[in-house]
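Supplied in structure tokens, the structure appears directly below.
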């Protein structure tokens, strides 16, 4: 009996010491979890964001005030169910202090739900763009240092109607939430400014062959002025490939793309088939600012290709996190404080032309001086 | 409207061509070894990526196709020789081995070529469109080429299987597998060869698919699913069944995407569900 | 010279003796009928000879070579051929393809086999003649390109015999080649087998005593895994023991 008591006592002491160590000293490492699709059709979105995160961390030597930073990367495979499991393991197994990610529309929506149930884990949204993440579904622990999809496409709809003078447009896109948002934003901007008709064609997220859609577009060319490709990732490559194969570049005067279409990492694969595509985005890789040029060159040095807006978003998220950590003196083990600090950060992104990050519930605001910054004509 | 019908028909036929080339290898290896080789999709994808690199380095698309196929033939040979052979007869183990190899190949591709989608440039000779005279309709030359290549492969496989000594032996093995070994034929070597041939066809299909569609990590499982649909419809182990299965899958996909794209997956899987419940051995398969 | 010698061969399955202490000597050119009631161990004895089942004890000699420890393939190469009780044909293949598969292996030398893999046997004159000769011999020369699943039952049996002949065997084990045949087909088949003598040594398991006695110069009677009688058909007919066995088995 005596012996048993001793064991209990010793165990209790150990636990006590253990808990003391936890509260007394500052954290001995800062654990950041990243989440996003690293494989599958949406790899571009997850990998791009992760690349940006790692580049930014490199700039800080992967430490904060001498405390090492450890990154735990999880792959969602663009699957929400997988993402939930991975978020749980980031929280429970890796005990991360901050999560950066997700990068897809439907992932973002699911991540807010997860965030509402896990308010102790601060989360910075990566490239995911639905408005509701920080509007109708907003929750305290989920903060958006990035953009919303409808923001940039709304203006594009306006541009197509007013500047290009189109009346009838076909939107071809993947059948899930992000392209729906894009289509909605575009249609509103387009119809409010003189557009007459928008036909929508939805295909499965992982469509294999676009030949039938090309056939359909060919037949519709008499009535419609232009086609807007409303897909993301690998699907864009397949779409443009077949667009060119079927000679549709000669049938339609102009191919339009939703915001994600002409991101840099894609252009190299799209090759000539992307020549002349019109799109709108809040990042313009030709931005001549010195900061942006440096960012581009450093990125290229590290990864062998130029960054795109997705990488910018991951890159900026890390800078936002560091500003917040500075404000609370590295006490990332106190999530309330950390979240509050994250919400107060104001950051002028070195890459987005004159853009700034304001962490409030409404979508991030970008201050854009002239509308031509929204638009870019890709020249191959 | 009639143009759309003709176009959808051609699209269906040419998609069927790609599906057939992919599925023919799988059906060959299945019919002889009675194991569903889940590595097949990964072989398709890796073959495509190798082809892409070969095009980048040499500029020769033909060489790309041969090397994509050749490299995958070697991978399949090694898989059969060193892994599957040890588990021969144990269906579950064989399937799990092929699954593991698929995952390993998928990861290797990710490490080597990265996760960004890629595509292979169409060779100049086969690019552009062809105007069909009477109805004044344009159609991509490369897709016509795919159809031609598939027909060529069908004829070549048919000649090989019915006219050559090895082909007769393979058909005998498909028919009654235990008996071939009692004839004194080295069945193990036969398996390895057929597996290699199957890998070759997968690699070639990967280069074709990468050229006409695109390549990305994850494509392996998508293609495997489609291939399995083809084989389920046509019946495992029957070359004629694979042709019919590919045609049905290609045409259904094409017409569904043209007329009701939102439901194309639903319509694609409908025949699969019906056939699995009414005629599980497939349209042309024989009962096991 | 002896075509086949079984020297004190035994085999038991789970404690039950299927074949025990069998001695059997068959000279070259002889035809031997093996008879005995169901379950006497006749087919097991064949399997021991071909090596499909290893012996527990004793030795198996073919043409004076000890092949007790050799695999089936080696024994087939030693010019041993057999037919089975069950059909042993490739249903989807044609008659000539079946015959080709059986004969292809006989003259296999590795280099030459690999060289012919991607060519058709029809391109090889001697191979084609060989196959046509066998087809003629078993009465199927007009059915060369017919798929096996379109043949009649009797034709199946003829083709099975042809397949064993394709190996150019010097000794042939026939396991109930007449099973399921009509009287007319039996007569034809008996003639075919009789024609094999004397260049091929024949060992035949046959239930039909008339057939067994007309084919076999010598008859061995098997019961409960042992040989109970041996002799010419005339001797066997009058053998007391044999009569007992057959009366008993009939009563059962």
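Every chain is named by a letter (A, B and C) in the order it is written, and numbering of its residues begins at 1.
Convention: contacts are C-beta pairs under 8 Å (C-beta built on N, C-alpha and C of every residue); 3 or more make two chains touch, one makes a residue touch a chain.
Bear in mind that the values here come from a model prediction, so they are computed numbers and not experimental data.
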| item | value |
| --- | --- |
| Chain-level touch network, classified as line, ring, star, complete or other | line |
| Most extensive contact between chains (C-beta pair count) | A-B |
| Centre-to-centre distance between chain C and chain A (centres being mean Cα positions), rounded to whole Å | 76 |
| Between chain C and chain B, distance of the C-alpha-averaged centres to the nearest whole Å | 44 |
| Approximate Å spacing (C-alpha centroids) for the pair chain A, chain B | 35 |
| Residues of chain A touching at least two other chains | none |
| Partner chain C, residues of chain B touching it in the complex | 160, 163-166, 168-169, 171-172, 174-176, 179-180, 182-185 |
| Residues of chain C that touch chain B when the two form their complex | 72-73, 76-77, 88, 90-93, 97, 100-102, 104-105, 108, 116-121 |
| Touching residues on chain A, where the partner in the complex is chain B | 38-41, 43-44, 46-47, 77, 175, 201-204, 206-213, 215-216, 218-219, 233-234, 236-238, 241-242, 245-247, 265-266, 269, 271 |
| Chain A contact footprint on chain B (complex, rising order) | 1, 3-4, 7-8, 11, 14-15, 106, 110, 114-119, 121-122, 127-129, 138-140, 142-143, 212-214, 216-219, 222, 226, 253-258, 261-262, 264-265 |
